[in-house]
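Given below, in the form of structure tokens, are the structures.
You will see chain A twice below: alongside chain B first, and alongside chain C after that.
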Partner chain A sequence: MERFADLLIAAVLLAGLYATMAYGLGLIYGVLRIVNLNHGGMIMAGAYAGWYVHETLGLDPYLSLLPVAAVSFFAGILVYRLLVRRLPRGAAGGVQSLLLLFGVWLIVRNAAYLLFSGNDQTLRTSYATRAVAVGPALVSVNRIAVFAVAIAILVILHLLLTRTYVGKAIRAVAQNPDSCTLVGISVERIYALTFGLGTALAAAAGLLGASLFPFNPTFGASELLKSFVVVVLGGLGSVAGTAIAALILALVEVFAIVVIPAYLTAAVGFVLLVLVLVVRPGGLFGQRVLG
Partner chain B sequence: MRTPNLVCGLCALALGACKQPSTDQPKQPAQGGSAPASAPVASEIVIGATLPLTGAESRIGGFYKEGYELAFEQATQNGGISVGGKKVPVRLVLLDDTSAQATAASLADRLINSDKVNFLLGTYATNLVEAQSVVAEQNNIPYVNGGGAATAIYKRGYKWVFGLLAPVELLAESIMKWVDTEQQAGKLPKPASIALLWENTSHGKDFRKGVSEFADKTKNYNVAVDESFELNGKDFSALLGKVKAARADLFLADAHLPDYITMQRQYVTSGLCNKLVSYGARGSEKQAAEALGKKNVEYVLSAVWWSALLADKNPEAKKFVDAFKAKFAGRVPEWYQALGFETVRALFTAVEQAGSTDRKAVREKLAALKMPSLLPGGELTFPAEFGQQSHAPFVVQQNQPDGSAPIIAPPDSATGKGVAPNPNCK
Partner chain C sequence: MKFRLPPWIRPRAAIALLVACVVLAIGPLLHEDVYVHNLLTLTFIGIAAALAWNWLGGYLGQVSFGHAAMFGIGGFVSARAELSVGAPMVLAWFIGGIVAGAFALVWGHPTLRLRGPYFSIATIGVGEATRLVCTYWDSFTGGSSGLSLPVHGDLKHTLYWYGLVLAALALAASYALRRSPVGLSLLAIKSDVEAASDVGVSSTRLQDLVLFLSGSTIGVCGGFYASYFSYIEPGDMFGFDRSISWVLMGVIGGIGTIAGPALGAIIFVLLRQYLIASYPQLYLGLYGLLLVLVILFEPLGLTGLFLRIVHRARPDLMVSGPVEEPLSATATPVAETREAK
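After this line comes the complex of A and B, so read on.
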């Protein structure tokens, strides 16, 4: 029973990280129909940004979450305005966008090599190895904090998309950009805003990931793959679906150790992905228009 | 229209991620290969090498580079190495294999066939050496490495591959021998249960074999958890949950440095505290203490191929430590730099003994090499019965609360006493 509780807590906390990693990817795909391959690059950039601010200014990683996300938001808008906007509209979700954003990812990764070398870095905080008792299990303070941030992002994102004018505009553009133009919504502006928002979420996820694991410029690649699995499982364009899919993926991965060797547990998520694509191609929660 | 685009991207990434493991490389070298260089005495000896200067193993790759550079610098200061009665300058062509197997293999091919190097020095990490050594064997070029420890590399019957790292099985056995001494002294339970975690590489498999065989032989240990994990893993919480449930006495893992740091952080936050903890060859690294805090790496046991503390008893080790400190502002070298340095020295010695740059002659001298060494035991050989892999003994170290990591075994090299069980466990 104690072991079940341990595994359950581990899965729930891991789900928080997976969800945070996937929100940005899902949002950009839901609205722009673009697979943002630079999502991994921004996860890595967020990790380095948090680490750099911590090392130079001594700012706590969780306090630097907002500034890092804000800077990344504008970086995302810049990438959209300079590059993504120039893609042919009809084929925006096609091979061109994959190649373009993969190229951006390579540039970001190599810039990190140039600036920080390939050495592993860790965020060294006073509470990095501190734990608190949650029921029968001892749980890392960092993991709880990451989970809390994941929940906060879910709530904020949901409120933004359902309660604000901008959010409603984002959903409208996701549904039918041409009609939005007719009713006076600036589609270009919404695209830029969404791309910036997705980029900020990726950077925030990277910073949170860095508080748990060592990282180097290759950080973000496996996180991008996990994000794909979560987004496809949850159904494209569904924020709540993303969160639930993250929980399912984490539960499956963590509990898989009971029946299969530990080194195979990472593959379980991909098996799940294939099964979902075959049985329910729209994702477990169907294709929705955000929210 | 939406899903196919996403799936397309996913497939592209998955293809990239599914790099073929080294086992897909040809196991047997092609017969023939390129002809050995035949110039008896060249005007310059060019030695090719790759190291993981970027990527997951970049930090360690940098350490090996320091060892290589020191050895080449010393040779250059001496006017080169003596070949056939005259001093010949030596030059190192060092490339970055980015910690990737495919890159390590293709760069070795480039060094041999495009840069026309005379000999090759190996890269670091078993998986990279495993892939790269195939290329050296195919091209009949002496390949001396100080970074591949798994016996799988040397069991292929290769003639041109020489390894300075003694097998990981021996490493595991060295740790177990010290554990056994403590058990015989009544400090550890008898029988003791072991949680055995190993990275899913030939390195990890050798570690597992070493511990399991020792446990079977002595009958005083039972392996309660026997699990492998992926190299460069991120989340070990489920695995550590299994360890916790088993309530094992000893926690013995085999991990590379990044996994050691990640796993030990999660180990500490899970509230685990076994009577003895070891991560194989990792434990005493400064980076780990910096990343985790000194308190969280106390009493971690490690067995390594070399320690700077050997300088008190081994003149070759002392010469190296002094030279290293002089070059690197007083910094104390770790086993990585020492092995890098000694790898170059072994190759230089063989070339000097051969008296030419003829690859076959140098290979024969390497096979028969017996030189005073900075390694524990004081002598370096590449025994044919072990596939030309050195079997120099290991030194066992244990991190102490004052930040030191004295050698605690074998007794003839010991500089301090080990502590068991871990006094930090309540």
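After this line comes the complex of A and C, so read on.
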């Protein structure tokens, strides 16, 4: 029973990270109808950025979250302006954007190999091993902090999308870009902004992930898949849907470790994706676009 | 009754393929160079695999980033069939190919049913998960120490012709899959799956068929590879860079075109041999850069470049008939590209 509580808490805390991770992918997919395959690359980049700043300047990873996200935001806008914007829209653009962003991911990954080698790295803060008692379970401070930050990010995002003018514009473009042009919303700018936002979220999630898991330049591949599972499961852009889907994924993953051998856990996310696609291809809550 | 070819086969294309095969087949008899021999054999396998990748990625627009999974399964199953059951080599390849194709169906069928990027994303997970599972599955793959196949006499030499046959068959299949009535159905599915089903094209069945063909061809390539190197190991067989190499061959040569990926495979093998081997620490980035550049500037790769040149030299050739290759949805018709400039 105690073990069950442990696992439950672990799953809930992990779900926060998964939700943040997935939201970046879902946002871009919902608005631009493009799967940002470089999502994995940005998760990895965020992890290395947090680690590097901590190694060299001794800055706490939670403090470097904002600057890292800001830099990634502009990196995302750059990728959009230089590359993604040039692709045709529609079915043809779909395949091309996958290949293009996959290429960007390979470049980012190669850069990480060159800069930091292929070895596993861990982000070791002074409080990395500290834990507090939550009910019967001992939970690491880091996990709680990651969860809190992730929830804060999601809340801010939700407010941004529902309460601000820009957020409304983003949601409007997701629904119908042509009408947006008619009412004077600059669709191109919204696209660039959304791409930047999604990229920033990926990097932020990567940084948060780095304080929990060891990482190397291939970090991000399974995270991309997990993000996608959450997006498919939770529908596009709905914060609540994303959160619930993230929780389901985290629960399945955490409890799978108990039943199946460790090396098979890599396949869990994928099996879940297939199950979702077979059982509920429209996601748990039907198709909803942002909001 | 006189034997007649189906109307969609162009005699000129068939003759060109035959001549190329004959030249390549008698080549080693006239001139023996182990290095060239080896390079050509590897190119044949590259051609067959790249074409098989293109049936999915190009003809259907379902890009796979995890075809190494089927390559590895084909390799290990056929190695097992040879080692444990004592199956003859070619039969072992076939067994490997069929198992690989069936494996592709297991995970591909549910993800192919939906339009959009589901399949492509799934392939990223499948490639990685299969590699991990097979690395730990000692009794089947020999774990990270791999499997060794018996080496007998002249095998490596003989395999050249097997490789040639494999590449030629894959090229013929590429032609048939595009030009036959089935090819038109595939094109319809790629362009608009709903409209296609309205006119009676069974997208599920055809997509599964192509997936199976693609997976089993890659599987046979894996079996061939195992026989050729007589030693296989999961990390290499299921490697991520293997999957990327086929993506790249297809993109360089012209994704969705009939013979483009074969050309891409030739270029890629040379490129890897002479350029990337000298900068092993940069190969991922170079692959990525190539992908980005080709997609941005010439989405149809070398084939697109070729069409553009033909168009410039002989505009009359292109205007009269339908544009040959870029009928697909990925293609930008040459005329349009020109106007935009």
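Keep in mind that, in the parts below, the second predicted complex is superposed on the first by the 273 of 291 C-alpha atoms of A that agree within 3 Å, B and C clash if a C-alpha of one lies under 4 Å from a C-alpha of the other, contacts with A are read in each partner's own complex, and residues count from 1 in each chain.
One rule holds for everything that comes next: a residue touches a chain if its C-beta (ideal position, glycine included) is under 8 Å from a C-beta of that chain, and two chains touch if they have at least 3 such contacts.
Quantities reported herein were computed from a predicted structural model and do not represent experimental measurements.
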Chain B versus chain C on the shared chain A, clash or fit?
clash
Tell me which partner A:138 touches in the superposition: chain B (first), chain C (second), both or neither.
first
Under the stated touch criterion, which partner chain does A:86 make contact with: chain B (first), chain C (second), both, or neither?
second
On the A-aligned overlay, A:214 touches which partner chain: chain B = first, chain C = second, or both, or neither?
first
Given the touch rule stated above, what does A:254 touch, chain B (first), chain C (second), both, or neither?
first
Is A:129 in contact with chain B, with chain C, with both, or with neither (first, second, both, neither)?
first
Is A:232 contacted by the first partner chain B, the second partner chain C, both or neither?
both
If you tally the residues of chain A touched by each partner, is the higher count for chain B or for chain C?
B
Examine A:120 and indicate which partner it touches, taking first as chain B and second as chain C; both and neither are also allowed.
first
Contacts for A:162 in the overlay, against chain B (first) and chain C (second): which applies, first, second, both or neither?
neither
Looking at A:103 after the superposition, I want to know if it touches chain B, chain C, both of them or none. Which is it: first, second, both, neither?
second
Footprint overlap on chain A, comparing chain B with chain C:
35, 94-95, 98, 113, 218, 221-222, 224-225, 228, 232, 261, 263, 266, 270, 273, 277, 281
The answer for chain A against chain B in the complex is residues 2-3, 6-7, 10, 13-14, 29, 33, 35, 37, 93-95, 98, 113, 117-120, 122, 124, 128-131, 137-143, 212-214, 216-218, 221-222, 224-225, 228, 231-232, 236, 253-257, 261-263, 265-266, 270, 273, 277, 281-282, 287
Within their complex, chain A touches chain C through residues 35, 83, 86-88, 91-92, 94-96, 98-100, 102-111, 113-114, 218, 221-222, 224-225, 228, 232, 261, 263-264, 266-267, 269-270, 273-274, 277-278, 281
Complex contacts: residues of chain C adjacent to chain A
57, 61, 63, 65, 107, 110-111, 113-114, 116-118, 120-122, 124-126, 128-129, 132-133, 135-136, 190-192, 240, 244, 247, 251, 255, 281-292, 295-296, 299, 329-332
Help me check something: in the complex, which residues belonging to chain B touch chain A?
1-3, 5-10, 12-14, 17, 53-56, 58-59, 62, 99, 197, 200, 227-230, 233-235, 237-239, 241-242, 244-245, 257-258, 261-262, 265-266, 268-271, 287, 290-293, 296
